[in-house]
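Lettered A, B, C and D in written order, each chain numbered from 1.
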């Protein structure tokens, strides 16, 4: 297998693996940048996957080709609403945000599987009939080499994810909304005295993380898993959280980290069939993404400074 | 009426405490109006009410004669009221401009138009002589400039009334007089100012009228020309106060702390202590005077073992303690009242009793073979709390629930009780009221009289001048002068602290 | 249809037996589209046959976790079921333990062997079924390149692999089979990636023996078909007839499936129990002859007559004993050299 | 004022109560009879000696993983990695248990100690990285969970067996299983590990509350700066906390390897013991005694849940929802506290 072939068999899957992580990690960036720790990303993804699949199954006949798109929007909406629980607990009720996030994880999985059993009478849904399919990007895919590697047989959602990361970067760093959001996560009282409603900003940020987590979960479900069960989302949310921290709470950093995870993961699966790596015992390929992340953190990424007020409930009037 | 602001019969309660009890303040247009009171008197609370951060339980606010309801800081802004808070409200990783426009951003195509804002702010700064670099990051600029940023922030929002909450507490004498000038130029532009302070001299110097608050109650408003420092002081405290700390002349003995040619780097790997030499002898209090950021923090951290020095030596009673761990340094006979009592001095969630043994928990009788003896610990704590008059319901109460002054007393009791050879006190009276300050000053002098060496670091020149037997001025990581308090004054000290000595030396 | 083939049920038709049976699933419910579901269907059919209803005469207990196997088995024993099935080799230890504890109860284990006098071990000749789908694949391929995606690299799945390769090479010794294991039976994403690579590398028929991970293989095949309806991509399903999984628009990418009649086996073993002929301590193997394993022929469009003929031809030979299908990689090697 | 101690007991109780009420409401909404549902749950957890034994069996590792998470929490660290430490401890225990035979008095303690050590190493890595390089322990422990899972699978397959998906059973001399206990409980898998778990809880209580080491750990957990100021070695304490945390989790793994299962399977996913341990620790307010009570509650809920589908038709996941809500209520203790205080005021 030539090098280009190798890239061609690794890059598109890497992009497809990364997309759900990118979406969810961007949600995490919003939430944590506003000062709300979000361990609940996993649960938000579960909710997104559940809703995306259920919606897809229910409306495939009505919506036709639009089904997957409408499904992920439905998943975003429902997960956004679901995330309000975390917002209420950690913003209004001054809950320990880690604890509340853990509760979100348990709750989403419990509810998802419980409702699946209620509605379908079994522990997993059917396969959706209208998932996302890969496509070639017109024109770009005709570029030699580059086109083959980056623009052939790729899910549109992967591009959406990358573009969204850029948008989030612009929103956070170039708009007044972003300035306010970051201020709330660094020094909520300063923001408050500048007339910014800290609670509102944090609610918005958590709800955005819900929407994006739901998007991540539903994209995972509609590109990769194609049905919903207790085993659909297992740890991807935690990987997204890791991408947030690895990426130093920066949208483009999170994008890079998620792409790295996706690349490493696709390499670990594909590697078995790549002559160069065929002799490497599979376990090394499997653990490579995780070990590399640790080494990167220990070696050159180093200390990551969280937003200063991350995890601290804001109590108005407290000095 | 020509009052811009009237706060009439304001009452504000916090759980278990009436912070403002029927206070009235009226601000005339174009005046500098002082708000005077002890710590905890309720000054900040009153102003936070005016700024919309708190809602009063009772009372009425009028702006230009109109009754208003100030629900939040935005409402205050709209009414032309701006506030510079006691603790700066600046987002450190942001630039000056970002901080100023926050919440009020000019936009272009939906994005923040930062270029335009920068230009506007630079212009505004120049107009009032504020000398602020609009593009600098807050974490990179001095405290003085941070304060000017805060002032700029109110001006940018078009404030006509500025509330300055203890703006001088963190400034050098020179910076203070600069601030006074700025205030005058603001008045000249038609603004009105409320200045909170408990420094009487400043009030006499800069203000037109003063309202005195004591224990949440308004005592009255006076015209500055009609009053004196002594009158204001007794109004504020409610009794006669002596301004001089009484103490016998020092009798310095052998050298306890000896620092030679010390170099220390800060977290950014920049030298902040550069070849510093300092001696402190038994039986004397050495005051370390200097503007914040000239290496005093790193110096103290290096002595106490919290930071490593990279060359030079520190000796405590002839024992070399350079780069020993904090534990070893403590055991060698050093006690340290830290600058930031919440960050370093206390584990706020521990009971007071456990805070009392924070450095000695592992020693007998507090623990034996690694097992704690709570009976001994709490007995000790009870004894100290009694002796130092720490007001707390009991020794099991978390330190967090104590007032600032009582927290500080607990720390001091712990440190002094270890009978150290050297006591380092960093800003020991910051944020405390007159009573507590008196108590602490007397304790320091008492320790001196017992033959201990005391190093007192403070940004308050009054304190340095009152308490020290000798003053070491630190500038740019070096001791640039050693002077006796009786041979100097605030003005001269201020100049030394600003490096006049060194510059002169360089010029020669 | 094949349930009727057993000769034991005639006498007991109609009257409710005092013999009761239940199954314990492995991780995954009775709706897993795989052999938990198959087993439950078999038990339900058996219940119907004897006029029993769920909870009265037959039932199931679902395991959510490996630690649930034993309590589930035990609770069914203690509910006085006469015969308790452990569905799947994962339950081997649990069945072996509980069989020792309750020697008076009958147990059966599917897909592996537990050596105890009160346990019937139900196995299937997966290698033979795999041989037939290998034949189909070899007939269908245009690139002479096939893929095999296994779940976990174990003796059981190696049987599928060996049979498949043997079948394909028997038709055309030049065919290459690209073999890769997912590492588990659940990672559909990994399954999809592996399939992506195999199809990219030129394989046009992939046989998966990877449980839910195999869903990824279907997903990838359908994806290719969606983009390029003219391209030749096929999947061979496993355990049940996975025809449904292959539907994509007007096409269907499921060439055939290696069907394991777990349902029949459960039904038959239960009936043996009813008749007092419970095969305790024995290994009951279901193979081609009794339709215990087979190649599904649902996709008539894809499975042309000559392919079907060829399959039936080889099936004959295997049943006759003319062809001995290899079960391990070693056996495969000597099989290949004998070609 | 209602004292803090009273709140610390009251709030978990109220949370559990509210969680169960919410569960009942959900059952009503979906047309189940909550009384039947909860009766089935109770029956399934305590109805007879067999299920009681099974409940104890489930409680055992929960106590240990709960302690693991709680211990780290007390030192200000969030150990999401208990999961991986469980797997590694399990692997180590089984490795020792299957590799040789020796008198029980040596073999069993050795297997347990090696499991604890393995867990300790798995805790040491994130502890070291946190203490020396400031690397976030949450991310390192998440990563190590996967490393543990895949490595253990590979070792089972390639080292401890000949390409099988499980190891042999551990030698009788390394087994925690007890015929006596099994006989007593109609062959439940209850084993002697519960004694180890309870003993570990006592150890945690003693270390944290009674020793100078515990004093340091708690101090570091609350305020690193003040701890450093007062002469404590903060990095050392961070590492120590993670190591001890890992030991508890490693022990939990040995409970499964030497007690419940007696071997190690290739796992397709996590055991969830470590993740559930987070919930146990949080409900137990990170105290040893609280963890034991919370583990009993969660163990009973999990085992009892198995009985709900058959007896009352209620899906087992209802229990997960209830657990989630309980944690949620514990998290929102501020609001519960507020309600209590208001209630009291109105009474007066």
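Basically, a contact is a pair of C-beta atoms (placed from the backbone, for glycine too) under 8 Å apart; a residue touches a chain by one contact, two chains touch by 3 or more.
It should be emphasised that the depicted structure is a prediction, and the values quoted were computed from it without experimental measurement.
*Asks:* If you average the Cα atoms per chain, which one ends up farthest from chain A?
*Replies:* So the farthest one, by centre of C-alpha atoms, is B.
*Asks:* Roughly how far is chain B from chain D, going centre to centre by Cα mean, in whole Å?
*Replies:* 47
*Asks:* If you average the CA atoms of chain A and of chain B, how many Å lie between those two points?
*Replies:* 45
*Asks:* If you average the Cα atoms of chain A and of chain D to get two centres, how far apart are those centres in Å?
*Replies:* So the centre of chain A lies 28 Å away from the centre of chain D.
*Asks:* Using the average of all C-alpha atoms in each chain as its centre, how far is it in Å between chain B and chain C?
*Replies:* It comes to 77 Å between the two C-alpha centres.
*Asks:* Which positions in chain A touch two or more other chains at once?
*Replies:* Each of 231, 282, 286 in chain A touches at least two other chains.
*Asks:* Residues of chain B that touch two or more other chains: which are they?
*Replies:* Expected reply: no residues.
*Asks:* Could you say which residues in chain C touch two or more other chains, in rising order?
*Replies:* Those would be 62, 64, 183, 186.
*Asks:* So, with touch as defined above, which chain pairs make the list?
*Replies:* Chain-chain contacts present: A-B, A-C, A-D, B-D, C-D.
*Asks:* Contact residues on chain A for chain B in the complex?
*Replies:* Per the stated touch rule, the residues are 170, 174-176, 179-180, 182-183, 186-187, 189-197, 308, 316-317, 319.
*Asks:* Can you tell me which positions in chain D touch chain B when the two form their complex?
*Replies:* Chain D residues touching chain B: 210-215, 218-219, 222-223, 225-233.
*Asks:* Can you list the residues on chain B that touch chain A in the complex?
*Replies:* Chain B residues touching chain A: 48, 51, 53-54, 72-74, 77, 83, 85, 87-94, 98-99, 101-105, 107, 110-112, 153.
*Asks:* Which residues of chain C touch chain A in the complex?
*Replies:* Residues of chain C touching chain A: 28-32, 62, 64, 178, 180-183, 186, 188-190, 192-194, 196-198, 200-201, 212, 215-216, 218-219, 222-223, 226-227, 245, 247.
*Asks:* Which residues of chain D touch chain C once you look at their complex with the stated criterion?
*Replies:* 50-51, 54, 57-58, 153, 157, 163-166, 169, 182, 186-189, 256, 260-263, 265-269, 271-272, 303, 306-307, 309-310, 316
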